[in-house]
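The structures considered in this document are given below.
Look for chain A in each of the two complexes below; its partner is chain B in the first and chain C in the second.
This part shows the complex of A and B:
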């Protein structure tokens, strides 16, 4: 029984300690959030471009994606991917006469699930950011002979970045917290580790409180990083 | 022999059912300062924006210092640039000064001026920066290189915008009501600067409502009305008793 073990032992890195498990859990949490953020940024940028496309069907599909993914619980997306992916992969493999490949790694499924939702929110943020670049400044770049790439690199991207950093910081924080949902897929991220630790030591308060502290450390550290990045853009924008 | 810098033939442009430009021909030689006058909605801005292809004309040809960007038309008759490279080449020979300055707000004054030389014309940054300092001096903005656009008055922003336009040594400068957004007491500083540019032989097309400026500085006055050039001529003639009655009516409105 571990009821009587001291806290230092339980949270330590010894044979009865959960220290390593918690640290690697926090690492996996960060990995899920980072992976989701990357997928979300990539797909979100594509969605933004699609929504601005002149091809009506493409714009509609991108808008529909946003409505759906923002409109259902994240947990549902996680469950759908986690339980649905093996079946979908098997069906896909069957088309080529291959044996079912089994389940994809939980980390991948987790990143994808949170990332798909993140993309829907990031697309909205990017769209707002693009609209915030004054048309006249883009025309000035055209008039100066800048091609589409130079216009994006020199004029659009820096201004969009400035406008999207604060909302992206919020989305990042949601990604970090939503990664807890992936615990349901059996990934030993921070939430999962604390559940297991709480159950097997029967010290739920200790482990959930520890998890809380670790989550807070991660969110406040990243908030500070975003603040730092934002401040760099504020000089030209005149301190907001 | 004066070199032809601008050669425009048969420009037309409609927005939906509204025919805004209905066939415009115009030539400019090096050193010409052409004042484009006309009532609101007559198509002056649209014409100017067609010259650097910010608007695509429906038909017509534009040649600037030997560069042209031929248009092709799709099955619905919509115009498109055949070769994007030719488009940027043509634009690189021109520079535009806007009513609302349109400085890039996230760049310092210096970066605004070196952006096109460095990123479009491939000039080494140090060289572009030296030239930018000289231009800032010329427009009376020496010492403002490190400022942000938002820290400047309208007149100062427009003078920086003119320095930005000069930075690529353009063959043709396009001004669309450069003083219309300025406080009355700031108009003079910009007009004086433009007069200096005219004196040094810059080729300029200037859409303006400043009649005195058009009369005193331009080499030719063009009156645009309903999307066509109603009349044009040297200012002495256009502001004299022999000008077209339509233009005289416009002047006395």
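This part shows the complex of A and C:
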């Protein structure tokens, strides 16, 4: 019976301890959040570009994407992707006459689900950031013969970055917390590990409290990192 | 085809029947969280309350709501004093646990919104009100509150939208709300995409309706 094991043994790194499982769970949580953030940034930038596009249908589709993904619970997106993906993939494969490929890996599904939501929020942030750069400056950079890359690096990024960093920090925090939803897909991230440990040792309070502490460590460490980045960003924007 | 339509109609009906649970949970935790947030902001103005409110906000904003729900429903409920105490009938009920977790979590976010709004009320006005001889109560009622509410409304509205979406997590602790019904229907029918899209449409209608309502109130206040 694990009911009478001391806390130090339960949370330790020995054979009866859940220490390693919890730490690697926290690592997977970070991996999901990072993957989601990357997918969100990529897709979010595309959505921002699409919303600014002259093709009306494209702009409308991007706006609709934002309204839908920001108005629907993240849990539903995770559930839809996790339970719906095998069917969708099978249907897609059938179009090409291939056998159904089965379920995609839980890590991928998780990153994608959180990333799709993240993209909708990041697109809003980028749209707001772009407003910070006067059109005239971009035209001036073009007239000076700067290519799109140089324009981004030397004109847009320095001015937008310090506007965009604080809200991106918030979105990162949401990604980190939303990654707990992926536990439903069976991925052994921190939430899942604490749930399994709570069930098999019958010490739910202990393990949920430990998981809370680990989440707090991750969220407050990233707050500190973002604050550091903001300070550097401000220096970059300096002279004003 | 008609079979498909009949299935969709039956599912839509089942989901609409679960709508009251989602609405009651949203409304009751919105009220609870707003009141608790007001208490937190008031506590922040005192020397003893300040660190306590800070810890509360830090913990509930820094951990996932899903974990908080499990903590309340499985963790706290397993503690001796709760399990064998007078509060057990409450903690046995998943709906109460979902309400408690949502209230605590959202109170932390709403408190941040209110604090920012309070900080945005110009100090000069508060000093002017003092100079006019207004007492503390009058100052809060006639100078601080009206401006604070107007300043806080957009962000407060966002938090309410988040709250409605968050109620879906109650389904993970066996509350049969809109998401819970959708999962039950899928367990019987294996028709994932249609059912989840129907549920998503319900949430979208709720959040879009709330957003439209808030925008209307904002416009009314701006005049």
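Structure notes:
In this text, the second predicted complex is superposed on the first by the 227 of 240 C-alpha atoms of A that agree within 3 Å, B and C clash if a C-alpha of one lies under 4 Å from a C-alpha of the other, contacts with A are read in each partner's own complex, and residues count from 1 in each chain.
Heads up, the rule we're going with is that contacts are C-beta pairs under 8 Å (C-beta built on N, C-alpha and C of every residue); 3 or more make two chains touch, one makes a residue touch a chain.
Quick caveat, the model's predicted, so the values are computed rather than measured.
In the superposition on chain A, contact is made by A:219 with chain C only, not with chain B. In the overlay built on the shared chain, the residue A:72 is in contact with chain C alone; chain B does not reach it.
In the overlay built on the shared chain, the residue A:169 is in contact with neither chain B nor chain C.
Of the two partner chains, neither chain B nor chain C is touched by A:17.
Of the two partner chains placed around the shared chain by superposition, chain C is the only one that A:178 touches, whereas chain B remains out of contact.
Of the two partner chains, chain C is the only one that A:194 touches; chain B does not reach it.
Contacts of A:142 after superposition: chain B is touched, whereas chain C is not reached. The larger set of touched chain A residues comes from C, when the choice is between chain B and chain C.
Judged by the touch definition given at the top, the superposed model places A:104 against neither chain B nor chain C. In the superposed model, A:150 lies in contact with chain B only, and not with chain C.
Residue ranges of chain B in contact with chain A, taken from their complex: 52, 54, 84, 88-89, 91-92, 94-96, 98, 100, 102-108, 115-116, 119-121, 148-150, 164, 168, 174.
Across the interface of their complex, chain B is touched by residues 134, 136-137, 139-148, 150, 154-155, 158-159, 162, 233, 235-238 of chain A. Looking at the complex, you find that chain C touches chain A at residues 58-59, 61-68, 70-71, 74-76, 78-79, 161, 165-169, 171-172, 179, 182-183, 186, 192-193, 196-197, 199-200, 203-204, 207-208, 211.
Taken in their complex, chain A has these residues touching chain C: 67-68, 70-76, 79-80, 83-84, 87-88, 173, 177-181, 183-184, 191, 194-195, 198, 202-205, 208-209, 211-212, 215-216, 219-220.
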